[in-house]
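Scrolling down, you'll hit the structures one after another.
Two complexes follow with chain A in common, the first pairing it with chain B and the second with chain C.
Presenting the complex of A and B:
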């Protein structure tokens, strides 16, 4: 399957009555975006109102509580549309041409859904830990209807869909813009690949999806991942939004929709593809809480690795604690099939760094990449402007009673920062 | 003003002699001796060696208590900003002496310490107690070791935060520290996989901890004659939690009597555990510590006797090291009490 991505660099966002992308600036009318979001029944039912703001790199701005981050894209050639099975029809995506508004994101924020929303600082020490401080962010702050507390799952869905719809609405503005840069990504069929690269090791990406349930969910073509068996994707499908986040897990190591669209493992496997390895496919598997599910999913992952005659597999995790067991089960079983693994995780080694970092371990997991210790304490300075509200800083995962100090500074674990210890290996942060 | 350092070296590096002179007792000299010059060069005047302690390796090994006391007395008198020992490279007794004396200075005098040696030097066993810079296995590695030790020691003396082991060159010491790598994690992972597939060496970023696996004992042939004890990590304690066992990251365990107790009730027992919904355990603590059923078995003669004492802690977030030390201690008490088997419940 072959996909061409056309990158349109966005260097600025301006509110305007006319919606367009011109010379690297996105001009957008928030009312148009709002109207598009409200076309959805769930959004209509659970979101009382939206407000909009823009946060640019280097500004003294803090966005919190952040739910999701989404990159606007539009399908310009080939079957299907962005976010298949959720916003677009369910046609298989990943081929043809897609335009990407690069350098910007839609960020959804507002009243808390779970305990586990995050913080994005656009400047200061916190900005070093989140990739989203480097983007021009179109922030959508949602205000729930009265009584939403008793309907958090419905409200989560409404905000999730609203963010995706905003991104689709904005992405559409890039349809007829000439991209600044294009890149082509292609993986061959199984037999074709073996013939084309007879001497290269065959490698797949085992992509673990957060599916613990109760606001810890991921969707693939609209299917709730916890109700899906381990299966295979073409790597390019992820670039068209085949996988979206429905997560309210700890901000530091949840994969936002932006991460799924820009999966760094996919990126670097493509970079090595045809040179150092033969990138066969992505294997997606879930992280359910029941032991039988864990066993079935990891068995199937190992089974598919063997069936595909792989030499190697790169495994990425999402979340921590309970999913550590899925990670180790996957790693161990894949290794036992004679397929070599590297796993990407992050650590909860305590604020003093002295504890065992993972909840599970196995000697076969001898090649580990870490996104850092999420328990590291950081002091975030007071910033001039808050988009959203500081009301939840004390209760989000990684915060504690008194995190928000009287002088407006925040003392918390980097766990509170969106994307800080990402387990797809998006960042440079690590630990030893 | 430059920082004051006391340097510890052995008879060989002091130029006294090799193995044949290893018996020389500890002596205190003014200024730097031998390898101290390499440190001085690297410090560029920011720190200086005020005194050098020279001690024969055999002397230290054979008169450890005396040598330690003498050296500690000297260092206490001098009150340096830092105590540096070695580097010892792969010299076993020298490495042991460096690590041992550095640890004593750190623990007993509260003075920051640093040593250096080869990773397989027996002294490196103390890497979790003191900072040890990893060096080559022979003195040929001095050119690299001295600047690394000088740089790290200066950072410590200045009170600057110490970075991750791989940045600073010390041996991983069980304390995980964050830092920014040059490449994103996914790129590092792909590179690591390519190396692993090619059979080339690679370095994992997180060596897996070794889990302690305990093989089960042989089965008890006749339960009707056995004394059985109950133990739990589910936090069941007498009402009011008299020993204040923490709800998470427990630092101790409790020993409690159930002599004459037939049934645990909401009025008498409760859970101290903060990691699960406590409602059901508090309603009926037998759900976690099944005293009621054990009494039934006792009456029916299925088991000989339920032990009068039980041991309880909270498993929530409690470190493996703590859990192991609790059990090592109360396992001995159980053995002394003639207990034949234990039912350990978790949550």
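Presenting the complex of A and C:
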């Protein structure tokens, strides 16, 4: 399957009555975006109102609680549309041409549910821990209807869809713009790949998807990942939004939709494809809360690795705690099929870094990449402007009673920062 | 906690869902339970069915507690 991505660099966002992309600036009318979001029945039912803001790199701005980060894209050639099975019809994506508004994102924020999502600081020490401080962010703050407390899952869905719709609405503005740069990504069929690269090791990406439920969820072509068996994707499908985030908890190591669209493991494997290795496919597998599900899904992962006659697999985890077991089960069972693995994870090693990093372990997990220690404590300065609300800083995962201090500074673990210890290796924290 | 209580000389049954973690951390008597968010219940069942499951799990745990073990043992339910 072959996909061409055309990157349109966005260096600025301006509110305007006319919607267009011109000379690297996105001009957008929030009312147009709002109207497009409200075309959805869930959004209509659960979101009382939206407000809009723009946050640029270097500004003294804090966005919190952040639910999702999404890169606007538009399909300009080939079957299907962005976010298939969710916003577009369910046709298979990943071929043809897609335009990408690079350098910007749609960020959804506001009161979500009980435990809240993360923090994005656009300047200061916190900005170093999140990749989204380097983007021009179109921030959508959602306000729930009265009585939403008894319908938190419905409200989460409404905000999830609203963000995706905003990204599709803005992505559409790039349809007729000439990209600044194009890149082509292609993986061959199984037989063709073996014939073309007979001497290169066959490598797949085992992509673990958060599916614990209770607002830790991922959707693939609209299917709730916890209700799916382990299966295979063409790597380019992820670039057209085949996988989206439904997460609301522990912001540091949950994959936002932006991460899925720009998965660095996929990017690296494509760079090495045909040179150092033969990139076979992505294997997606879930992280459920029943032991039988964990066993079944990891069995299937190992079975597919063997069936594809792989030499190696890169395995990325999402989240922490009991998914550590899914990670180790995947690693162990794949290794036992004679396929070498490298696992990508993060650590909860305590604030002093001296505790056991993962809840589970095995001698076969002998090649590990870490995204950093999520328990590391950070002091975030008071910033001039808050988009969203500081009401939840004390209860956010990684915060504690008193995290928001009287002088407006925040003391918390880096777990509160969106994408800080991302387990696709999207961020820059690491350890040797 | 399981290990510290046992160190004080009191036998412990670890009732948990993710038994591999229980094995890794060193529990000796392990009873597998329903699911991580609801280890000793199942909201999908009726009250009567749920009560039956709870009783079965607790009885199995008590049986495990009074069984001599030589090594780490999972008592399947």
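In this section, the second predicted complex is superposed on the first by the 429 of 432 C-alpha atoms of A that agree within 3 Å, B and C clash if a C-alpha of one lies under 4 Å from a C-alpha of the other, contacts with A are read in each partner's own complex, and residues count from 1 in each chain.
Just so it is clear, a residue touches a chain if its C-beta (ideal position, glycine included) is under 8 Å from a C-beta of that chain, and two chains touch if they have at least 3 such contacts.
Only a predicted model underlies this, so the values are computations on that prediction, with no experimental measurement involved.
Applying the stated clash criterion after superposition on chain A shows that chain B and chain C collide. Annotation for chain A, partner touching more residues between chain B and chain C: B.
Judged by the touch definition given at the top, the superposed model places A:214 against chain C, while chain B stays out of reach. Touch criterion met: A:361 reaches chain B and chain C at once. Residue contacts after overlaying the shared chain place A:325 against chain C, while chain B stays out of touching range. In the superposed model, A:294 makes contact with chain C only, not with chain B.
Judged by the document's definition of touching, chain A residues 361 lie at the interface with chain B and also at the interface with chain C. The touching residues of chain B, when paired with chain A in their complex, are 164-167, 172, 174-190, 192-194, 196-198, 202, 204-211, 319-320.
Across the complex, chain B is touched by residues 128, 201, 203, 264-265, 267-269, 271-272, 276-277, 311-312, 314, 316, 340-342, 344-345, 347, 349, 352-358, 361-363, 365-373, 376, 414, 422-432 of chain A. Across the complex, chain C meets chain A through its residues 17-21, 24, 32, 34-37. Only residues 212-214, 289-291, 294, 322, 324-325, 328-329, 359-361 of chain A touch chain C when the two sit together in their complex.
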